[in-house]
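Letters A, B, C and D mark the chains in the order given here, with residues in each chain numbered from 1 onward.
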Amino acid sequence: MAEALKLTIEEVPAVAGKVSVRIEKDRATVRVDFGVTQDPRFFERFLKGRPAVYAPHVMSRICGVCSVVHLTCSIEAVEKALGVEPKPEVKALRELAKGFENVQNNFVHVLMALPDYTGDGNVVQFSKSHPQLFARMMDINRRILEAYRRICGRFIHTPSLGVASHGKPITKSELEYVGREMARVSKELYELAGSLAEIWKPIAQGFEDPAPTYCVLKPPREEFPMFSNELAFSDGFVVSAERYGEVIEERKLPHSNAKIALYRGKPFYVGSRARMQAYFTLLASEARELIKTLGVDFSNPFDNVKAQYVEVAHLSGLLAEKSLELASRIRSGVAFFHEGTVPAKSGEGVGLATAPRGVLIHHYRVRDGKLEYANVITPTVMNARHVEVAGEALVSWALSKGVDEARVKDLVAALVRAYDPCLPCAVH
Amino acid sequence: MVKVKIDGRVVEVEPGTTVLEAAEKAGVEIPRLCVVPGLYEGSSCRLCLVKTPAGRLFPSCNYRVYRDEEFLASTPDLWEMRRVNFELLLKFHRIECWACERKSSCPLVELSKELLVDGIPVCSECPLPPNECLLLKGELCLGMIAQSGCNAECLVSGGECWGCRGPITREDLLERAFARYKELGFDVKDVVSKAEIYWNSAPGFATVKKVAERVGSRG
Amino acid sequence: MGKLEGSDEVGVLPDKVFEGVPKASYGLLEALRRVQAVYGYLPPEGIRRAAEYVGVPFAQAYGVATFYHQYSLEPIGKYRILVCMGTACHLRGNSLNIEFLRTFLGLKAGRKTTEDRMFSVEEARCFGCCGLAPVVVVQKPDGSNEIVGRANPRTLRALIERYRRQERGGAK
Amino acid sequence: MTWILLDRCCEKCTHSLENPCPDYIECRLSGPLCHDDERCRELRRRRLEELRYGEKGAKIKVPMASCTLAMGAEAVYRAVEDSVKKMGLEATVAISGCYGLDFIDPWLELSAKGMPTAIYANVKPSDVPRILEEYFVKRDVGGAFALKEKTGAAKGEDKVPLLSELGFWAKQYRWVSRNCGVVNPESLEEYVASGGYRGLSRAFKLGPEATIEEILKSGLRGRGGAGFPAGMKWRITRQQKATPKYVIANADEGDPGAFMNRLLAESDPFRIIEGLTIAGYAVGANQGYVFVRAEKPLMAKRLQKAVEEARRYGLLGKNILGSGFDFDIEVILSAGAFVCGEETAMIAAIEGKRAWPRQRPPYPAEKGLWGKPTAINNVETLAHAATIMAEGAEKFAAVGTEKTKGTKMFCVTGAVKRVGAYEVPIGTSIRTLVEELAGGPPEGVRVKAVQVGGPSGGCIPASLLDLPLDYETLQSAGAIMGSGGIVVIGDENCMVDVAKFFLTFTSAESCGKCIPCRVGLRVMWSILDKITRGEGTEEDLQVLRQLAETVRSASLCALGGTAPNPVLSTLRYFMDEYLAHIREKRCPALVCRALITYRIDEERCIACGQCALNCPASAISKTEGGKYRIDESVCVKCGVCYAVCPVKAVYKVSGAG
């Protein structure tokens, strides 16, 4: 085992955005620098002075993969700042849209990360070695997308969702279709679990997360939450949205263009692994069963991907229920939830949303309808420091197990992918 | 019966059939605007021009075949000529799609897509009828001044147009559009401010600003 | 529509005005010419009469009347100044001459007749007298033509002043 | 009543309108044919002499055509009549057509027995008594411009050149214009005396098929511009099954700078009428039309008169010359639209509709007027046909080029000393026409370009002046033969402005039926306008070229199809001028108003005040030094001061200068 070690991954493969990892081992200490090398985009700055109602539309452009969460979180924040209360149906549709994103997004993440666990290395290889499974998963993905379109029209950057409004006219039959489809999807996902478990090998078995603090949304009701007014931490601390700044601190590190977020000065993590632990009691029984089937180890960061699968399965079922419930509330034909203009008021609002990768915070201050201040904290930022801490522990653990340098690099890359395969959100 | 060869496809037709009819039979698409059988003899729009192998041009709507003949209908130069021609036609069209009942079935809109001609606003693709226009509901939709071609995705999904495909640059059209914004009670400055989000560095934005200022400064 | 209706200012057309004109659509050009010969221009009622005479719809007659240069749908001045816009005349200075005439007579953009209906300034097609370029032809109220060859602003100014003098003299 | 050549000579003559004699025409000159009588022969001889020298042995010819009338021929005519009366001269005053030599207008031709026929140029009414006195009383021709022949009997003959020796005349080949300026255009008798209607007689003898054959053999191509073989057109029309058929003479000469048709119709209208009759006979039509341009009323008047005369003597009507062929002609006056020159548009105009062309095929020869087979020929072509039938195809084909036989009338205008219409063999070089016939540019002007073929022609640069004038060569140089108008452009003209001028014309004359022509020309015009205002870019030139190509190939009729020629040819030959406007914002020829400034040279200014007096914008004021100065901020650049300054103290500058 080498005394000193210097490894660099210039660009982590199979992620969106540019990220480099520098690994340095100097005798006893291991240092992992997680650097987002992509240039910042100044979303928060250029919205200044523009109508607050534009914020959701623009903010959704932070990420083309998880646009809905930025869109909806921004809507939540603007609604709070302007003191607008959406109709319950609008809110329900928004939750549906948000849920769909979590399902679709996490499902794709699972598909992308799975080759790391099956030993195929990449998706193309995976599709060759498991053609039937792959085809089935692709089919599920297609069906999820199709159902999503019935609610929101276009998939990426949907123009349908607006402040206190849902633009796309909704029909009862469409909602019923969505309900049926998602119930089927959910069922299939549970069915697939068995064959998945066979090929889903653990990575770094035995490795333990050195910083087990996590953060989730506090469910406003007994249900997997999409939006909330409170943040909950694994240490039991609960804080209201407006006061997030008191516990979450953003910092700029020299080696990265992205900021990092700390909870009371300590790293914490967000995402499905956190949610599955926090919302265990809210999960459907099949989902709880699934955790066992897949053998999810919540202390292993790599098992975030398994947690995601569980979440997808659970949420699919939940979405099916929700859409059928909503369908029952619509009497017949088409329902319009497109609202007119929003008053140009002043105020401040913080939106919290369950992003596929964790918790998203949008914070706006509005004066006379114009945006005065905007701050966005993305899950990628929250996880940024945790990746480093976990990475350092992982490198020490691996080296202690006598893993060679090339494999160490692969492990670190896989770890990055397990957290979040999509980095542009970090620089917004 | 005579044999007509159009773009390599051979059809048999009655003598006296127009090339256009023969092309339809052969499954070759030729654009046209002016000919209305029984009402107008055509040959005005010049979009249906076809070429003989010798290079002579004829409007297919009007040229009747009496013997075996060959025509080319889809050469690049023909399409280029059609495009230039169509641009010329549009130059003197008012293009007020937002007020036009025909927008959903307008051959100009279809041709502008086929010939990749810019300058038709998103309104032309908006699924909403003129009396359901978002602008009437007070929503600042940029459809009137934004370049079409997206099939009005946002409007179809229930949003308003943000003009992501860039501005229309024809001044007379912008002028009418801004006048309409004003008429409907929008502040021209707000329109420009919204447009700025996507168009700040778009080539035609300077024109948009210029026209907006001109319209805005009018009483 | 107002412009197309109303025939108040036009008197009754002489009965014989269309004598000898074929009563078929191809007589339309000639019929319109006869009407114009009576009024100096084509009033709507005149077009209607011509259309009725040859048996074509008013719209068609109106379409023909607007198509050809020889027909004028607005009254023209007593002195109709036709400035040749043939190539030779253009090259030799008629573009300048027409500009001069318009400025000198105070014609506003888009108008061809002076307020007092004394003069009309019109661009005309080549008279075929290119040897005299630039050529200006004045159709005088007595029906005769005055052809001014090698015209320049100076001669045109003198010409117009001469007509004005004549008109003043005639008025007294 | 004097006996005229067209009357029956005596009771023995078998000819009558009811029972016309097939040899009527031949009998007029070399008759009598049906009987032998020396008196009748003598009657003819005497009458021919009378036609030459007048009944009184002396004749004064005053040309009465639009061009000479514009120069005061009417006043000259009155002055001649007055003087003849006052001087008690025994002379006949007659009118004639015009030679087409505009630079000598108005002229007088005096002839008397024993005297050389003399032509006097640029005659003012006040000159008339002096000229008549010199010629008829003093028998002195020293003041004449040219003589038609030399007799040695008159004084001053040696001082005056023979007309046939003068360059502008000697180089001509007056075939179809042989009678222009020679005969009285209102007299059928003079036409017949000069050999007219022999062509029709011969056609009747040959029969229609052989007539067409003869025209085909001569190689006569349409003189209206496109150059389609006339005989072919007739043959196709003849072959059509549909009846009735029509023939139309296209006298809608609309090209600015072209007046050969006007000249021909005003000076020798019967030749056209004869040609049209032959065409009617050849194709099997019984009705002909002459469609005359509205702006040229005298032309219509003369043609109308010719038709009436021909009818009077049985050369139109039923059973012409006993051939069994019935034919009549109607002269139709256009209402003024350039596009009427296009044959299908002309048909629409004759039918009483808007002159909208329609797509060919079907060609008028198949479906023309009222949907019936129609042969449309330019009046020059028809006059050629009449001459060919009279003189024989070989004589016609003796001159010209391999592909194109015969002669063509060209009108040379613009920056030349001798503006006029000249008839030369096809294939003559532009230089010969411009420099030798038309005398080259006036002093101080250099030829920059030659615009051939009217507004749809192209501008050929001075360097290509040696090109022969024939259809194919002109086409390859970017111009067209068109009607044969040649405008010489001097170096004081801006080529961009010239191109813009032509587009102003063609875009205004576009009938509006098809898009490329209606809109394309307007857009092209606005680009040129932009360039002349100094606001053009080099991309504009690209767009201009592309538009020009599209308009050229996509337009419905020849108007749009050729209208871009001036732009394309100037782009091809005068790119430097375009670039000067675009890059340097400078008009090299000091024409484009937005790019020039007027100034007054104080050194030269004589303080006459003409400029200030004439300035419509009151931009000129007196300086302290007593001279005048232009206030550039007020100046509208109308150029009046430039035109009126007697000492040329006003000058123009452009660009950085």
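Going forward, contacts are C-beta pairs under 8 Å (C-beta built on N, C-alpha and C of every residue); 3 or more make two chains touch, one makes a residue touch a chain.
These numbers were taken from a predicted model, which means no experiment stands behind them.
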Would you pick out the chains that touch chain A and also touch chain D?
-> B
Chain at the geometric heart of the assembly (C-alpha centres) | B
Higher C-beta contact count, A-B or C-D?
-> C-D
Roughly how many whole angstrom separate the Cα centroids of chain B and chain C?
-> 41
Centroid spacing, where centroids are CA-atom means, of chain A and chain B in whole angstrom = 43
Using CA atom averages as chain centres, what separation in Å is found between chain C and chain D?
-> 25
Whole-Å distance, C-alpha centre of chain B to that of chain D, is 46
Each of the following residues of chain C touches two or more other chains, namely none
So that we know how the chains sit together, what is the shape of their touch graph: line, ring, star, complete or other?
-> line
For each chain, which other chains does it touch, given as pairs?
-> A-B, B-D, C-D
In the complex, the residues of chain B that touch chain D are 41-46, 49, 57-59, 62-64, 81, 84-85, 88-89, 91-92
In the complex, go through chain D and note every residue touching chain C.
-> 66-67, 69-71, 102-103, 105, 253-259, 262-263, 294-296, 332-338, 349-355, 411, 413-415, 419-420, 451, 454-455, 485, 487, 489-490, 493, 498, 501-502, 504-505, 511, 614, 616-617, 636, 638-640, 643-644
Interface residues, chain C side, partner chain D - complex | 24-30, 32-33, 54, 56, 60, 63-64, 67-71, 85-93, 95-96, 99-100, 103-104, 124-133, 135, 147, 149, 152-154, 157
Partner chain B, residues of chain A touching it in the complex = 50-51, 54, 57-58, 152-154, 158-160, 162, 166-169, 338, 340-341
Residue ranges of chain B in contact with chain A within the complex = 137-139, 153-160, 162, 190, 193-194, 197
